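Two complexes are shown next, each including chain A; its partner changes from chain B in the first to chain C in the second.
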Partner chain A sequence: MFAEQLLLIAQDSVTDIAAVGFASDVGLESDDTRLLRDYAGARVSAMRDLAGAMGDADDEIELYRTLAAFWLELRFEWQRNNEVMNYQTVLRGAADPRVIAEGSVGSFLLSRIETLLDPSHLEMLGRYAQELLANERHSVALKEELT
Partner chain B sequence: MSFVPGSFVNELPNVSRSAADAQPFGIVQVDDSGVIQLYNKWESEMAAVPVPSAEGKNFFTQVAPCTNNRLVFGKFKDGVAKGELDSEFNYTFTYKMKPTNVQIRLMRHAASRTNWVLVGMRAA
Partner chain C sequence: MLATALTAIADDPSLITDLVGLADTLELNPADTDALRAYVERKRWALAGLAKALSDASSEDELYRCLASAWLEQRFEWQRFNMVVNYQAVKTGHSHALTMAMAAACTNVMERLETLLNADDRDRWSTFAVELITGASSDLAERWGDETISLSPLS
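Then we have the complex of A and B:
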């Protein structure tokens, strides 16, 4: 069942080990490492909540749809972290290690969820997300030109 | 000093796939809209994206979405529009990989009208 597959990838220990590794990669202090592990744990917990709430066979399509929405949510969150870390890198010379580590956790979770979603659906969702933001950028630029 | 040897920059418009694959940095040739025409071995291994999966896709929006912003794609589009581009800067990759500090060099070779995204590792 899809809910069982989701529970398999929503294991605290796997994500926690990854988070600790990312924290070490970027040299986080222990307090920030704890916050990063909490950050990762909260998102894994959200996946388990999905599986628990829509665990019946009749709800599999809804669970799939909601997991796809969660993938988009994480993708936008990763994108925000990516923008922050790279504007910091380019403009200040270095990025906040905490932001880099959160971006890495987000990317790790995206990869985990992607094992459960159809590649064609992922491509479509990614394209919509990208077009949505590109259109927004275009609209803002146009508005600035007009004012 | 750039991570790309000056002698190699001169060869870029005519670089063969085997020569590109022999380099210790990423080499991505893209058309004016960003669609990948050549994706070398180093870049493929660093990004964990197989060459056949990358070539034919848009580098900035599909293969390396972390570069889909004004810092990289915006700079690339401006350079292509002006017909000149040579910019090197630090960047951080996290998409589908562990945190990786890199240098990116965006280049346009005016005579051949070819565009290049070069990626090298940097210390944190």
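Then we have the complex of A and C:
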């Protein structure tokens, strides 16, 4: 069952160990480490909520689609963290360690979810997401031209 | 400037004070009230960080694009909460109060971000988010049909 597969990757301990490792890698203070672990725990809990709510055989298609949407949600979040890190690095010479660590947790969770999604769907979703924002960049440019 | 407007949203104390009424209405226990507060504090941190990092006027269009990404993030999150709450209600007759509260807090943040975004852009992204779940558009349905599960590498 797909819900069981999702529960297998939604393990608190595995994600928590990874989060502690990422926090240590960037020298996060203890308060920020706690926030990072809470964030990682909440994300794993969200996966368990999905598996619990849509755990019947009849729900598998909805669960798959909702997990795909969750992947996109994390992907947009990762993208935002990445943009912030890049700008901080360029303007200040270094990025906020909490943003770096949160980006790492995001990458970790994305890769876990990707084991449950078909590569062709991931490619399609990534492309749709890029196109949405690329169109957006275009519409901003257009607005600037018109004003 | 967009960064100033975004900072004002992140710094608005009502983002937190609004939660008090929400927690009361949904009769959240103290642990869930703390979790709700932490959830919104993290949103504030993320938005303030975004505004600060891209505060330069020359990065205004990039900030708008990042805001679009942040809005989509909230939209997908809200949609996920909604799915969970609806399925819980249908199957058990009640929904998890903290999930409902986070969905409401997510809506609050999303509505504030919307004041900074073009309405046409937002409608286009909303349509995409809904179509992704329902498989309603022909383009998505073509590749997102019922064979989805059998295509899953681990199924």
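Everything that follows uses one rule, which is that the second predicted complex is superposed on the first by the 147 of 147 C-alpha atoms of A that agree within 3 Å, B and C clash if a C-alpha of one lies under 4 Å from a C-alpha of the other, contacts with A are read in each partner's own complex, and residues count from 1 in each chain.
Keep this in mind: contacts are C-beta pairs under 8 Å (C-beta built on N, C-alpha and C of every residue); 3 or more make two chains touch, one makes a residue touch a chain.
What you are looking at is a predicted structure, and each value in this text was computed from that prediction instead of being measured.
Visitor: Quick one: is A:Gln79 in contact with chain B, with chain C, with both, or with neither? Answer first, second, both or neither.
Guide: both
Visitor: So in the superposed three-chain picture, is A:Thr15 touching just chain B, just chain C, both, or none of them (first/second/both/neither)?
Guide: After superposing on A, A:Thr15 lies clear of both chain B and chain C.
Visitor: After superposition on the shared chain, which partner residues are touched by A:Thr33: those of chain B (first), chain C (second), both, or neither?
Guide: In the superposition, A:Thr33 contacts neither chain B nor chain C.
Visitor: Going by the touch definition up top, name the partner, chain B or chain C, that contacts more of chain A.
Guide: Looking at chain A, the partner in contact with more of its residues is C.
Visitor: Going by the contact rule set out at the top, does A:Ala101 touch chain B (first), chain C (second), both, or neither?
Guide: first
Visitor: Tell me the contact category for A:Asp25 with respect to chain B and chain C: first, second, both or neither.
Guide: first
Visitor: Going by the contact rule set out at the top, does A:Leu132 touch chain B (first), chain C (second), both, or neither?
Guide: Touch partner of A:Leu132: chain C, not chain B.
Visitor: Touching A:Tyr87 in the superposition: chain B (first), chain C (second), both, neither?
Guide: both
Visitor: Take the contacts of chain A with chain B and those with chain C, and give the residues found in both.
Guide: Touching chain B and chain C on chain A: residues 79, 83, 87.
Visitor: Can you check the complex and tell me which residues of chain B touch chain A?
Guide: Touching chain A from chain B are residues 61-62, 65-66, 68-69, 71, 89-92, 94-99, 124.
Visitor: In the complex, go through chain A and note every residue touching chain C.
Guide: Contact set of chain A toward chain C: 2, 5, 35, 38-39, 42, 46, 49-50, 53-54, 59-62, 64-66, 68-70, 72-73, 76-77, 79-80, 83-84, 87-88, 91, 96, 99, 115-121, 124-125, 128-129, 132-133, 135-137, 139-141, 143-144.
Visitor: Which positions of chain C touch chain A when the two form their complex?
Guide: 35, 38-39, 42, 46, 49-50, 53-54, 56, 59, 61-62, 64-66, 68-70, 72-73, 76-77, 79-80, 83-84, 87-88, 91, 96, 99, 118, 121, 124-125, 128-129, 132-133, 135, 143-144, 146, 148-149, 151-155
Visitor: If we count contacts the way the header does, which residues on chain A are in touch with chain B in the complex?
Guide: So the residues of chain A in touch with chain B come to 21-22, 25-27, 78-79, 81-83, 85-87, 89-90, 93, 95, 100-101, 103-104, 106-107, 110-111, 126, 130.
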